[in-house]
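Letters A, B, C, D, E and F mark the chains in the order given here, with residues in each chain numbered from 1 onward.
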Amino acid sequence: MRILVINSNTTDSVTDRIGAAARAVASPGTEIEAVSAPFGLPLIVTRADWLVAGPATLAALAARRGTYDAAVIACFGDPGLDAAKELVDVPVLGISEAAFHAACMLGRRFGVVSFTAALRPMFEECLAHHGLTARCAGFRMGPPFAGDPGRVAEERLDLLAALCAESAEQDGAEAIILAGGPLAGIAPLLQPRVAVPLLDGTQAAVRLAEAMAGLMPRSPRPRRARALTGFAEDVASLYGRA
Amino acid sequence: MRILVINSNTTDSVTDRIGAAARAVASPGTEIEAVSAPFGLPLIVTRADWLVAGPATLAALAARRGTYDAAVIACFGDPGLDAAKELVDVPVLGISEAAFHAACMLGRRFGVVSFTAALRPMFEECLAHHGLTARCAGFRMGPPFAGDPGRVAEERLDLLAALCAESAEQDGAEAIILAGGPLAGIAPLLQPRVAVPLLDGTQAAVRLAEAMAGLMPRSPRPRRARALTGFAEDVASLYGRA
Amino acid sequence: MRILVINSNTTDSVTDRIGAAARAVASPGTEIEAVSAPFGLPLIVTRADWLVAGPATLAALAARRGTYDAAVIACFGDPGLDAAKELVDVPVLGISEAAFHAACMLGRRFGVVSFTAALRPMFEECLAHHGLTARCAGFRMGPPFAGDPGRVAEERLDLLAALCAESAEQDGAEAIILAGGPLAGIAPLLQPRVAVPLLDGTQAAVRLAEAMAGLMPRSPRPRRARALTGFAEDVASLYGRA
Amino acid sequence: MRILVINSNTTDSVTDRIGAAARAVASPGTEIEAVSAPFGLPLIVTRADWLVAGPATLAALAARRGTYDAAVIACFGDPGLDAAKELVDVPVLGISEAAFHAACMLGRRFGVVSFTAALRPMFEECLAHHGLTARCAGFRMGPPFAGDPGRVAEERLDLLAALCAESAEQDGAEAIILAGGPLAGIAPLLQPRVAVPLLDGTQAAVRLAEAMAGLMPRSPRPRRARALTGFAEDVASLYGRA
Amino acid sequence: MRILVINSNTTDSVTDRIGAAARAVASPGTEIEAVSAPFGLPLIVTRADWLVAGPATLAALAARRGTYDAAVIACFGDPGLDAAKELVDVPVLGISEAAFHAACMLGRRFGVVSFTAALRPMFEECLAHHGLTARCAGFRMGPPFAGDPGRVAEERLDLLAALCAESAEQDGAEAIILAGGPLAGIAPLLQPRVAVPLLDGTQAAVRLAEAMAGLMPRSPRPRRARALTGFAEDVASLYGRA
Amino acid sequence: MRILVINSNTTDSVTDRIGAAARAVASPGTEIEAVSAPFGLPLIVTRADWLVAGPATLAALAARRGTYDAAVIACFGDPGLDAAKELVDVPVLGISEAAFHAACMLGRRFGVVSFTAALRPMFEECLAHHGLTARCAGFRMGPPFAGDPGRVAEERLDLLAALCAESAEQDGAEAIILAGGPLAGIAPLLQPRVAVPLLDGTQAAVRLAEAMAGLMPRSPRPRRARALTGFAEDVASLYGRA
């Protein structure tokens, strides 16, 4: 099975990190291809960023059409996800979507931990969009952060462990989602210090994408070709299928 | 006051219809400019359509930046709305958003009437996104429709009157939203046959945009310029401000 | 256009303050008449107060019937609002209702700031009654206050600025409602110190009332005359129309 | 124990019917006094009616203050209930409130049955106000009714039995509330034809009022006297206590 | 009237405490029988505990079948409650269910106070199961507790009084539930120090069970006998009735 | 990987059917063991049935402890699921839980189709327990059924196809769950006649259990041994671990 993992921003170093996390949990027969968005922004923060990252993500999906059995949108907030589910004939999962559903299957209440409170509104909206607000035991976020996102996971490791403990002990979380791109891949480092299972969105998405690929009907859904103007050829091609 | 009204699809005849409805309710000193999306799709139906209509709508907003005091996104579903609120320094309202809020101010419970049940899922999701599901008394929709959308309002006028009566009498609606582009402008024709106020989204949006333009602080919010690639110059310019 | 602004309590100094705030945002052609409730209580605090303020508000609406194009109930909690919408043939808006809807049109998440936590339960219930709880990013309220309500805004200005900052930075509020009568009119003083738009309920209500007056059908709804006993002549007259 | 049962409208024949239903379930030592509102309207239908019935209900509570251990507001919609709970030192229950809570204690899902769909919006709002919407399996209401409310229960008995059967079999109701004044007292006639328990609001309220009278602290809550103008002496007296 | 009060765990000293609290509020003609679960666990903490306490509670109900007019399951979380309502022909109430409903009838918003935050998740889930989350003003819980549950009420009395004050003053609670077995019976000690009514779940359940016993139809519901294997004879007998 | 699939009732023919459905989608390296509950009831219908099926399901899990990498509770309603997640150190999934989560990952709105309306209340409660009510587009159920459950799938195949079409076309379902034991395994027969993906709960659970087995930490959670009395040795052993 081949799974395309798309980093919805244009920063290749993040893509590498995501790819490594994905490969660490993929089943033996699964091949991971991790790619960056072909255009857009180096970092996705606002709702406007989320919107423009959508076509960029679709472009990445379109460029490799036919070469993968499932796809993962590896950007918390899941840009382009709903559109991709409509336009692509294999399962497409977002990493926040996957983290939420996997957490629900591990326990009744999950916590969300991240390094800065600035991400909380986005996470809350994403959680509400997926309809799972009532399953969330609460958010535990660190203070404002102005340093290098690429090093925050290591620099704030003790803080994160403390936040996870609060989530489990005070909020009653039975599983904890480590949310936000800069925390990708640190679950194994933290797990020994935390009493409940930790979830990495990319890893949850890869495992669940493997699962869904075996449940979805194989025959492509028929669609009427439509003319989309003003977007890259790849994006338009998703609309142009016979 | 100048209000830019953007039809998020590329069909100019619809734009004309929307412009006429807007001018019919604008205050004396208000000037309406109605424009089509500069690229994208001739009709917005699916979630994928909604996503790609977002940057097209942003492009229209960017192209005329500085020439309007408020803007209206005249496409049920409000593509690009959340991003526009972040990127533009004057009030931007969507027509579904405006219809929902105006209906709430007319009564405790509003109904939604449209000509075909196929639109119901999109309307329900839009309503949930705006957080007002609990204020809705119910949907009353006609059967599947395969004819000319440009003529459905007139062809199904009796059906619409009957659906409005059901909404008011059986669901307890105290105001009714006539939803969906093809019904733009028919409220005056139907109102004499309906016991509760009817709302046209474009018209609600124009009046509310006038209102909001007087409430929002005038000084532009400071933003850090960022480089957006892969989109039309106009869209990128919204990110590039000093 | 003439707008009747009713202070639902009997304290004329508050009425003056409300009237000034209303005039500051009214459109050029709009004339504001601000009146106190003709009877009732000098301050509305409890649910019982709210109930008895309802007929007092209706009496004020009835006494000037035919002289206004829209009305505003200028008392947080909106006493008599639902009844007024039924009994009066022009748009009637409450200031909390108006603040909530206007805030939603400014951003996805709004905060509520006030000078004392004692008001929080009332605000929460009012918000829930209007169905917009999910759009609220949170409440930020000051400690108990036992001084002169007429001076609290000025005395606690620094505290209010700090609460607004918390609302924007920690809760992610994109617009902030300054709630509670004693804060009427201080938004302009605070706005320079706050990064997101501030909303004054009375001002939001005046602008939205102007908007709604242009959307509601002009012909009065037919009603059957009914005999109401035990209330002032004015209130009974609302029931007695042919 | 003495329980005051207040019919919030001024129609004495309805008061008699309510009193009889109340006495049929009161415990041996309980004495029921049933009274009509001293002023107001002969029938409560709209939200405006509900508002003006509030002070009328308070007046009845005030007129007999000190003579009862608990009170019941016997009007579906519970006018004046929240205010009465604040102003009166013994338990005050509304009949819709009581019906909803009692139904919840009989099963997980309750149905609501009434003779005409015109009452559905009011019942839905009342249910939402009490926060129990999620426990309701659905409404089953008859067609519009223009006859004599005093005879509808008997005339539509077969219809009501059929609606109860639908509620139990199709909606999964495990208890059914017979809602609306005109159905008071018919539960015993219908019960033999229905497979699940039927609830009469007045009767539920009387039993629950007896229960609550034994749970509430006896010492009156201290209140500051306040001057209420424009209302009957009795109502003002509720505010004037030392 | 006879009421069977079942402690769902096997600890007789707790059963004695529960029985005393029940008798303190029972009506003159009511006889209380308090029994421990015949098997199971000495303490109910987790969801697994809750599950296995269900058949143990059913066994206690079955063993005395025919000797009581109503029953109370005296274990916060209400194990076996939904099943008991189906299998037993008299009213069966849980103490958390009773506390929630009674609190709602005392005021619009109730608080929940307990001695340790460790119980909060269970209480929240129980509250959500009963559908009354929106009526709860908030939880106020003490820090972790590792001492003797039998003495915590007395040891933490000052803390509990402080938590009750916070609940009333900051959260706006109008009634407060003292939750958790170890707090059974301490309401009278705390009430003089708290401005709003305190509720003990067992006592609420006894009063409400008396009330419901007068509302439920007397004739047993017909059931088809079914063969249940692997459980104690008493439990199976609930399935075996003709 | 070995997955234990437990039919929570005692009917072996159903167990065989479930086992076949499970094996049809299991990954190449996965071995399925399907077992019946060792005691309990031949069919699970009511909430009481659900309760007693819980310990029976735990007994099956305990009897084979150490021989499986993940487990599936194959009974709609998921009896014993929350307890099993606490007591067992490998992932345990319920088939309704799995169907709901998988459906969410296939589209924004899922429908639920089954052969008889009698199952609707149970499905609705199960859906609410998992917190996903808002993702459900609606239920489409057949009329009462009194025949042989083992043959209903085949007898009502045309009806089911029609219900699926209604779910997709009128409710906007983007994936459909075929709910209820008697429909296990018929998805492949119906899929060619339905435009959106069909989901079988057992099959979804097997795929998702494979996924979760790769995400959960391997080291068993430490638990304190506790003495459970009155249950089969196997069940008690789950409590007795060091």
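Quick notes on this structure:
One rule holds for everything that comes next: a contact is a pair of C-beta atoms (placed from the backbone, for glycine too) under 8 Å apart; a residue touches a chain by one contact, two chains touch by 3 or more.
The structure displayed is predicted, hence computed values, not measured ones.
Between subunit B and subunit F, the least number of touching-chain steps is 1. Among the remaining chains, those touching subunit A and also subunit F are B, E. Superposition on CA atoms relates subunit C and subunit E by a rotation of 120 degrees, given as a multiple of 5.
Chain pairs D-E and A-E differ in how many C-beta pairs are in contact, and the one with more is D-E.
Although subunit B and subunit D share one sequence, what matters here is the overlap of their interface residues, and that overlap falls short of half of the numbers used. The chain pair from D-E, C-E or A-F that repeats the B-F interface, sharing more than half of its contact pairs by residue number, is C-E. Centre to centre, using the average C-alpha position, subunit A and subunit B are separated by 31 Å. The mean-CA centres of subunit A and subunit C are about 43 angstrom from one another, to the nearest whole unit.
Shared interface positions of subunit B, i.e. residues touching 2 or more other chains, are given as 47, 82, 108, 134.
The set of touching chain pairs reads A-B, A-C, A-E, A-F, B-C, B-D, B-F, C-D, C-E, D-E, D-F, E-F, using the touch definition from the header. On subunit A, the positions that touch subunit F within their shared complex are 25, 27-29, 82, 85, 91, 93, 97-98, 101-102, 104-108, 130-132, 134-135, 174, 191, 195, 197-199, 203-204, 207-208, 210-212, 214-217, 221. Every residue of subunit B that touches subunit D in the complex is listed here, in rising order: 108-109, 134, 137, 169-172. By the touch criterion given at the top, residues 47, 117-118, 120-121, 124-125, 128, 144 of subunit D touch subunit B in their complex. Of all the residues in subunit C, the ones that touch subunit D in their complex are 10, 38-42, 46-48, 50-52, 54-56, 58-59, 80, 82-84, 86-87, 226-232, 235, 238-239.
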